[in-house]
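Got a structure for you, questions after.
The chains carry the letters A, B, C and D, assigned in the order they are written, with residues numbered from 1 in each.
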């Protein structure tokens, strides 16, 4: 069975497994107060050119979004997000469970624009409505598109003007930073956002998201918020070990670039075979349109998600990862060719 | 530096590391819907003699307590727990964050008695007070004591009579099941509790708590509750692989027994040296009383937690684990002998 | 200054003030456990032909929506509502504060249709998304439109088929039941909904919303939920006295009909003067379109809300009430005529 | 039937009813943005000698405690209160429903001492425990005792030193300010607390608690928090009208003094008859001990609450109010004499 379902279908990359094995029996303090987390945080501050940033390590994506956003907001404050945003749809109301409304703005390409944010902020003008306070973006987005540096810069300026926090969900940040024509660096996110995550789960770690806080107003007592959310890992060292292993060695961007390269090979192959794409996505998620008959045959040989079904056909999602091989791609293309 | 701070100071036992390495590149579905989790759940149902139980795998202890209790209760329902309970003190208000009051009952030995529960239930008699609905116990308790089978049976009968759910936090369940004179089995917990956990983090896994639901009223939509709490691990397979590795092989109880044996060696040594214990604990947590001068010297050579300071002296906590060696124990005793 | 801002601009109707004064010094038990609340509840059960319904009295609209919906749902369950719904926009995220997502469906006329509900329910198919569980409608709606009996019957059938609760916010229920061609009765709401409110605040009471629960699954411990939300009035008698005064005497529907009649007089006058309506509303809220110049002059002599501004002009909202007089209406029309 | 159950058994005092009747038909803006609320707030700022204080009007006691404390705290922050505190016991977990733990400290007389607060703050020293942030006191307390000015001053100094907010629940503030030997003024509460309430419900209003915020850090967006909690009354004017009627005229303290005087008459009579008191309470709540036989006979002729039953006897609670007459007191004493 071919596997293009997601980028977290397998365990960890070699660097991660080796580092975990090597450090396995060294005793450390718990809860991320160990030397490995300290080293990884220092590595991240260096990459981000943000020597005073706070860095926290959490296990998963929903957990980090829920913990961070819940910690940042007052009860009546709300989040602005694209309607396709992960927190809007696929986190089972985790943000609302903490008490916060999400103002979901329409966005066919998964990206927010400053004028949308401005209009939403202006509409919410009195105490009978929630108070927008944080803008959530994800890069890459949930439909595989990528914010460019000018786009992020404009969003950041808009947020600062309006007194809104800018939070970037970087579950696939590596992919965003290594697509063809990518123009953003860790330091850009640190400079433009109040907080952002560097995703590990979808880029070769067993698990883990690093949360970088650059706005000092968000620093106080953040670990209290983590603990209350069940988001401090007892053996927190596992997060430090993994992140340091991939970030210091450069493996983080290399693995992401590999996933993008595999996606590009697949994308070209699909276009050559005449398939159309529902979204023009340059990153490691592709959204080709199949006929229902094609899709029914494909599912016999390949695992993937179905994004939607409509009059255009069945939109499936193929995701490549650090573990995808050229052979996997070519075999998938061969299967699609025969249909 | 000697390390008796806790039972999660090191990585994972050999069985776990091997199993993770062996399965590393096998692609699976995400979120615990894979074959490894299915196998581990089946193993647990077998050990519990509970063929219809639901088994869920979560990453950490606070997370599983918060998710389970939050899912089980209506908004105005409350938890009854010993004042020493982990959820009362050391989870930063995680249960309250989900909206639920904990009625903390005094208990010098960390255990609850039926008559206390009955009195608390009777006191809460109208809509101006919370409605007690769930009794939280931990085994072993936070002060190292152990509920016997007759004690658990009496608690269970009391809860059923009063319409209360019985939930057992088994973060150290292996230790409770393997102390000298232990009389409880997995099947007992399954039979007597509505839900309980089998702790992995403190017994040789990298991380992980297995939650066993035996009361069918608690089954519907539990995975929705998990996801909303950020408590479904993307690579959920890691939990299945680890639990199956230790439970099927019997390593789970063997590792716990080892920790208890090391604690027993330490306990006898401490008593031989004339140290008194603040609590009479038969499991892998010991609470000897030192003088302030002794404690100041010991901290130079050994890592541990300080439980409390009062007129009796400094009560320290020594925790043994699957990774503690006889040499570690003897070296600690040697240090204490010289003081 | 003319006053068409809302239907809660003045105190109470004569029946209410008299009843409060007459009963003022009679001592009663607190918290709505008094004889006046019992009588009012019995009156409501009679009007609703629902002898086993639970009736609760709360102070305000946001409070009753928040308390009821919060009590009915499990943490991961969600509400389906029209995007114009009061709970979506004008309750400052009160539903989300209790932890629940609202799935806001587009609706130009403020009403939901069964097919929308069905599609939303089908889209939310797994544990990564919230579980729709309650459909919120308001009658009259926030844009003054009215659900007919066939429409409500179809919604009810759809909800029952899909296992969804149907909740009707009746803040302006009196208006809905007395518009030209109205075809719904108290008994219809009791039969078709799982719970609904009979609004007092906007129909001549000082304050008060009666909540009628007809689905017995919603009965247990509802007063616990009320108390926890701060929604049990100490002198609960005030609610019973007021509701019984207007419901038993028939004043409730008479006052509502008066408000509708005044609105109809105003509507005809507006149309005669050539004004267009942004929404075709038969009830006591009217949404005429003015030019910016007209609106600027009108605000000198009349209080009202501005609904929106766009290329069609300034959409203002005129609301009539039990206290509106023909003279008020004619004076407003005279002012508008001169513009 | 005699009525000593509580101080909210009847409607409103004459001043309040008259003011409501007189202003009944004056149209105003909704939600407490009217001229009556503005006037009452100004009156309160004057009485408090706090010209920059924010004043908000809410309907009930649980509602104001829940709204204020919920608005003031971050998610992981906790409240310190006496175990007898209203929020600990009789608000059905309303504070916890907003996510906050209450640290309940033992207090036989219902009062907190600085050393208790200091010890609790010191115990909560890291991110594994909640962060104490607000001290809740009530004056009079739930057992009828009264904080003196030196006591409040010491509490205030302790809180400021420790970075804790001081919040005083003044549901019976009038009684506290008018007991024999009372030494506190409105201005004292404004000076010593960060926020406090002036209770109306238990002192002659139909309903209403005025919340005074003096710490400017608590000002921003407080009305958003109120609205989200369903705590902005649509006809907010009713609150302004009532508070201004009793505060400007001096009726507020006069009514409270009357209740205290009636209690004093009752207290002396009880002691003369040989009854003992469970608590030495100088205010309008008395807690005499009856024998079970006495209590059974008394309940035939008088309504009251039972506080507790133990080996000392049945502790009942008699509450006097603005509406209690000398005849009521004497008749109760006559009944008790015959027993």
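Assume a residue touches a chain if its C-beta (ideal position, glycine included) is under 8 Å from a C-beta of that chain, and two chains touch if they have at least 3 such contacts.
Since the model is a prediction, treat every value here as computed from it, not as a measurement.
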Lowest number of touching-chain links that must be crossed from subunit B to subunit C: 1
Pair joined by the larger number of C-beta contacts - A-B, B-D: A-B
Most remote chain, CA-based centroid, reference being subunit B: C
Subunit A-subunit B separation of Cα centroids, rounded to whole Å: 33
Approximate Å spacing (C-alpha centroids) for the pair subunit A, subunit D: 50
Between subunit D and subunit B, distance of the C-alpha-averaged centres to the nearest whole Å: 42
Sequence positions of subunit C contacting 2 or more other chains: 75-76, 91-93, 97-99, 127-128, 130, 224, 227-228, 232
Of subunit B, residues touching subunit A in the complex: 1, 3, 5-6, 8-12, 17, 20-21, 23-30, 59-67, 91-94, 97, 201-202, 206-207, 224, 227-235, 237-238, 303, 323
Footprint of subunit D on subunit A - complex, ascending: 31, 70-71, 74-76, 98-99, 127-128, 130-131, 221, 223-228, 232
In the complex with subunit D, residue positions of subunit B that touch it: 75-76, 78, 89-93, 96-102, 127-130
